[in-house]
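The next part holds the structures, each set out as structure tokens.
Shared chain: chain A. Partners: chain B in the first complex, chain C in the second.
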Partner chain A sequence: MTESNPKTISKSKSPKEEDVRIGLYICNCGINIGGVLEMDDMIEFGKTLPNVTLCKKYKFYCSDNGQAEIAKDIKDGLINRVVVAACSPRMHEPTFRRVLKSNGLNPFYFAQANIREHATWVNMYDHEGAQRIAKDHIRMQVAKVRKLKALETIKVKVKPSTLIIGAGIAGMNSALDLADQGFKVYLIEREPTIGGHMAQLDKTFPTMDCSSCILTPKMVDVSRNPNIHIMAYSEVEKVDGYIGNFEVKIKHKAHYIDQLKCTACGACVDSCPVICANDFDLNMGPRKAIYIPFPQAVPGQYTIDIDHCIKCGNCASPSICEPGAIIYDEEDHYSTLKVGTIIVSTGFDQIDPTNLKNYGYGKYENVINGLEMERNLSSTGPNLGKPVCPSNGKPPHSVAWLQCVGSRDNREGYHPYCSRVCCMYAIKQARQYKEKHPEAECYIFYMDIRAFGKGYEEFYESSSHDFGIKYMRGRLAEIYENPDKTLLLRGEDTFLSQPIAINVDLVVLSTGVEARTDATNVATMLGIQQTSDGFFMEAHPKLRPLDSLTAGIFMAGVAQGPKDIPDTVSQAKGAASGAAILMAKGEVEVDPYYAVVYPNLCSGCRSCINLCPYSAITFDESHKVAYINPIMCHGCGTCVASCPSNAIEQNHFSGDQLMTIITDVLGGLY
Partner chain B sequence: MEKITPNIIFNISNDISDEIIKDEALRIMKACFQCGTCTGSCPSGRRTAIRTRQIMRKAVLSLDEVLSDEDIWLCSTCYTCYERCPRNIPVTDVIIKLRNLATQRGFIKPAHQKVTQVLADTGHGVPLGITKNSEENQWSKARESYGLSKIPPTTHSHPEAVLEIQKLMQLTNFDKLVKLEFKSINEGKK
Partner chain C sequence: MSEKSVDKPNNFEPFILAIFCNWCTYTGADQAGTSRMQRPANLRIMRVMCSGRVESRFIIEALKRGADGVLIGACHIGDCHYVNGNHKTVRRLPLIKEFVKQFGFNPKRVRLEHISASEGAELTEISKEFVKELKSLGKNPRSSNK
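So, the complex of A and B:
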């Protein structure tokens, strides 16, 4: 860790410009750049720039040969600064910095001009324009590199503990993997039980494993692992700090039952007179106001639904609750944790199809959604494994599944993406229903069946071959309710090119998944990004699919994008591995882009202190100057711009460096 | 469907689709994934031969038959498909564009041609049935009961304005497009 001593720092001068010898390397990037730009002209241009000693081109500078060429020029003493004009620095800045470092140059004497994303890709059909813009980008980076200063990376200790937000199948797998490696895991879940959506499913495709049978042993493993601390019915309130040293404030919602005293005997449930809708069963069945979500819930202690509780006192009587665990006036309480890494596995919400008026969900009793059908089929569900029509409680003779409800829909309020699980769960549900009622008619209205996973296509084939499920190619247009509550479906059989009308008893809307409604709050709190569809954004879609752009924070499961259980578990293990790597190393290097106060210029006005969004600035009373903690500083530049004495400078983005860029790109006009 | 011969498939052209997407709002037409929501929603298609999804397919593939077939004229422009299209394609607008193209290429149906002739003659697509004695017209009495003039203040009360409408038709070449005959103008010249 670098602690700057206010006494010794002075505004160092830039190195003499005549000593700067810049090597400018222009990358073809295959045809990405070379296919658009006139490379010989670029080389001629590069040679005219001040301090550029040599200017070369190559197919791929990121390749071994490309790197070797730069390394040789440095070793031969031809150059002492490097500019690579190529792709975005996001991917290869570290690559080229390593080349500088391993050949004895300070790695921060490097700048990368992004002439691919910023010039040739956006001007693919305007070669002259691309040429002009690429030259400007190169001119700017050459200007910057002339003024750059040598910097040292800072090392940060990583605490060997992880916060996992969301204890579904993703969070649980990450937790077990990390705990088994000896790291402390805090597993936060906002519901009273861990398990997530998987606990609500009846069976899983394509193996038809009972979902609870494979999930609940995992839940027990999690609860028994001494390194995992489950915090159920709790939510993250605030996250401060940085990689290796996050400080997390947690809200523990009141159970109104002392979780340590409750023995989960269940006597209170019988005494409770309140019957309300069971949200675990998607309000299709009843439960009491004192409850556990389902019999295998972990932790197994009870919770009072205070919105429905009438505080009659039945459950609190000593004859019912012998340990005296009921506390009607319990309040939410808060705790603070310090962790080194964070994994976000907050899962998904099901798309609400109510606004698709032509399907009549919420209006017609016998139109239900996918998760409701799952509870309808489940042996622990409201109908004990005997699925029925909600209107009459009788098993339907004919059932239709409608695919792509709310997904693959560009209209306002719905989602253009494919939810990836609905095809398979519809096939699975149809097959389950046919297993129970072989005489039933099952239709699946689809546009494309996406049976992409291992064993999925075979499962799809078997569903029609062995179970006689009828696949109707065409997105259903509209549903009407008949007087007897059966449903009239209208659509087109696109293979026949015929409008069709079918009467069925039950319709299941295969609703897709969407980002949690409060995903934006989570993203803001953690300082991570979302993609346009609302899911959390990975640092690189191919090569860093589990990292967020904020160091030390990883993601797993549907929180990152729609996926099925096998993919979720794979991601969870990957995210755990990402976190474990940081914690096993014990320290990480962080780019030194923090701001520095020059104490001889600081007037001690303290105006920067309150402006800092990261609370990184303190006041040094002995010297009467501001001091910026380099680890806590995120390099946002707010203090630099606000300082009335111009006493703060930001490493790698100093006023001098930025002004040189501007002056040069304007051709010295400024 | 029987008109799609191997010959047509091999002679792929973008003629019609290029013409349609000159209107930038219709470019999304190319994203049609043939889900059938439009055909399934079409009230006309339950009674007639119109298959909206096939019209879109033929338009994307630029098959000439989409302009010559009767189908595009069977749409009642109720806009249900437009509302429900999950790709946000303005289906009805595409069909209207196809009708314009069909007309430009001489595929107008005789009935529609007659309507334009009535428009040229009277200034109304659907003119009022005026008998010689306007007192006998039921609609005329109805208008009066609401305090309106007996004959509406359109070309019906100003027959001379029909000439201006015809002039507009000439200036825009609409007359040549749908092969109109301007009786009153020609008579006036004589």
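So, the complex of A and C:
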């Protein structure tokens, strides 16, 4: 284990420093760069830099013509290293590396100076400042490219299996798509059943499909698919590894019922004396302490809610549970999986409107939220599909929906973004109520109706023309409760510029969606990022909307941002495709930014060993030096920075390269 | 030996070497650009994969050669792409500042900030504030006048 220069390092020699001939290409990027910088001055400046053989400008170097120009200069033997001054390397570094590679140059003889995101776009009016920064950024990358070494990418095998976290409509669709292509799928769900929020919905807009009628067949498909392993009532505890080779620790929560023995006969439920709130019905209805969340649950086995169970032993008696499936002292257990890719589809939480005191949610009985109305409208819900006022159990004569509750609200604790589903679900619920009670008055108080999807605008139009739903533009100021528990709504009709005061029997707050309260834990565990609104962050908002910044991890559904069911399903298919591409190929190229120990310099102090978060560094006892496994090294460079003997180098970010950047940009030449 | 307080006019443009980690702050700086958040033209951004890669000699060398300030950008604690590289940077910082003092520079010239990939706005604010602070500190005595 002494070879600290692994075979993956190229045998091709780096050109000696005097042989370095750099082609510097400054991109106008249309007017993004060219409109701010004095390009002629930039070219003159570029020509003065050490080892720059030629310096050119072009309107778009990422275009075919731009790439062809670089390719020609390489093929003509004019240059052997390339610096492109353009956008962020996070955008086009792979593009230009391909140009080098396909023209016989090592792709790592390339550096990109970011003069758009980091210069012209942040100094759009200070042209002089932008010019100064752009020159320095070019100086830095020319310095770096002089010192770069040829490298070979590492090829990593990708295991043909996927972990999907969250089995809502997104996770299920991704699972089916991958399983049908022959990949093994582990579908993790923390609730006892798969299905997610969609199982709680009654009908879906704008087609008025029954939500469970389209969802539950999918759930059955998932459970029957031999390539899908459902792990319900389980949570991911820990994720290690990297693209192609993730190692995942799963916690399987105790059901207190042997899932293999339970025949789902349901006899135990009748025997259970404990009645507690049904969380599937948002605590509006009852359930027993031994339960399945809803009749079509998958898997269909029962679970004991141990917080409410009094362990009376009724269900465990052999006359009730013939297979003897009840295990009161069952404990959580753990398992470990190895997967090649991960899809995160953890969904959303509904915004809690309790702190919006002016609406009185939680204080006034007849103020409910959108999902509660959804359960009320559902034939499997607490009122068997007949919405009533909680105060008297009678159907309301008038109902008002309040839009943008918790979304499009800049106050602390709420969200500036649009939740995208509330307009449509409010219209749908109002229409459903009108279908059942044509005589009832239905009002929707809105800021503006966002009916953006296919068939949505028509649905909205029809709701007022054909169903007589009344739209009032204005955000309500306050809700008051009358002595008879009806509600007085006060606000302004902003079309008429008149104050309004309307009495209604029931108010539905069209609450938006927000990131899961524990989304940060998930992000930390997986090493993925969140945007400022708490949803998971995509690698690029336009071009890589389903990739996380961590290779091999994809996302789908509302976990990435608010969206409706069709968009969620589309994303699920996209995420499945992203994962399948990696797995079908079977291997992936990883940037070789790993660290290397120079054994002749290593003093064997071992201070690097404990610093490595991946246990990639071992101590070679026979030679008394440290050794870094290039496959296990993720290339952070922490060991490099802390080696007291300067005996570790990081590929592509060596001390020499970084120091040259610093000294060159500060005017000194090495 | 330490920097003498200078009461120079503040009309110079501080040179800031910004060392940003690839996953959080560099991406955040890209986001600031994409969102066209305008900031003073003082940051020269050098990319490293992780803030854990930042060596004290980078900072000393930059100051010795006249940089007015060094801004290290790292992920938030708990968000590190490499598990905990940023913890190590945090732990290394007091030592770095000690070196900076021994070399005769004001340790306020070195800053570590945790800026995530979505915090372009924070980066913009921090840059403005740092530029202001460096202007009040005056030029790096070693500066050959940038």
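Of note:
Keep in mind that, in the parts below, the second predicted complex is superposed on the first by the 652 of 670 C-alpha atoms of A that agree within 3 Å, B and C clash if a C-alpha of one lies under 4 Å from a C-alpha of the other, contacts with A are read in each partner's own complex, and residues count from 1 in each chain.
The rule we apply is simple: a residue touches a chain if its C-beta (ideal position, glycine included) is under 8 Å from a C-beta of that chain, and two chains touch if they have at least 3 such contacts.
In this text, all values refer to a predicted model and were calculated from it rather than measured experimentally.
Look at A:494: by the touch rule set out above, it reaches chain B but stays clear of chain C.
Considering which of chain B and chain C touches more of chain A, the answer is C.
When the two complexes are overlaid on their common chain A, residue A:662 makes contact with chain C while staying clear of chain B.
By the document's definition of touching, of the two partners only chain C reaches A:122; chain B does not.
Judged by the touch definition given at the top, the superposed model places A:411 against chain B, while chain C stays out of reach. Of the two partner chains placed by superposition, only chain C is touched by A:133; chain B is not.
Every residue of chain A that touches chain B in the complex is listed here, in rising order: 358, 404, 408-411, 414, 447, 473-478, 490-494, 497, 499-500.
Contact residues on chain C toward chain A in their complex (touch as defined above): 13, 15, 17, 23-24, 26-27, 29-30, 32-34, 36-50, 52-55, 57-58, 61-62, 65-67, 78-85, 88, 92, 116-119, 124, 144.
Against chain C, in their complex, chain A makes its touches with residues 88-90, 114, 116-119, 121-126, 128-130, 132-133, 136-137, 140, 520, 523-524, 527, 529-532, 537, 549-550, 593, 611, 613-614, 634-638, 640-642, 650, 653, 655, 658-659, 661-663, 665-668.
Residues 1, 33-37, 39-42, 45-46, 51, 53-54, 84-88 of chain B are the ones that touch chain A when the two sit in their complex.
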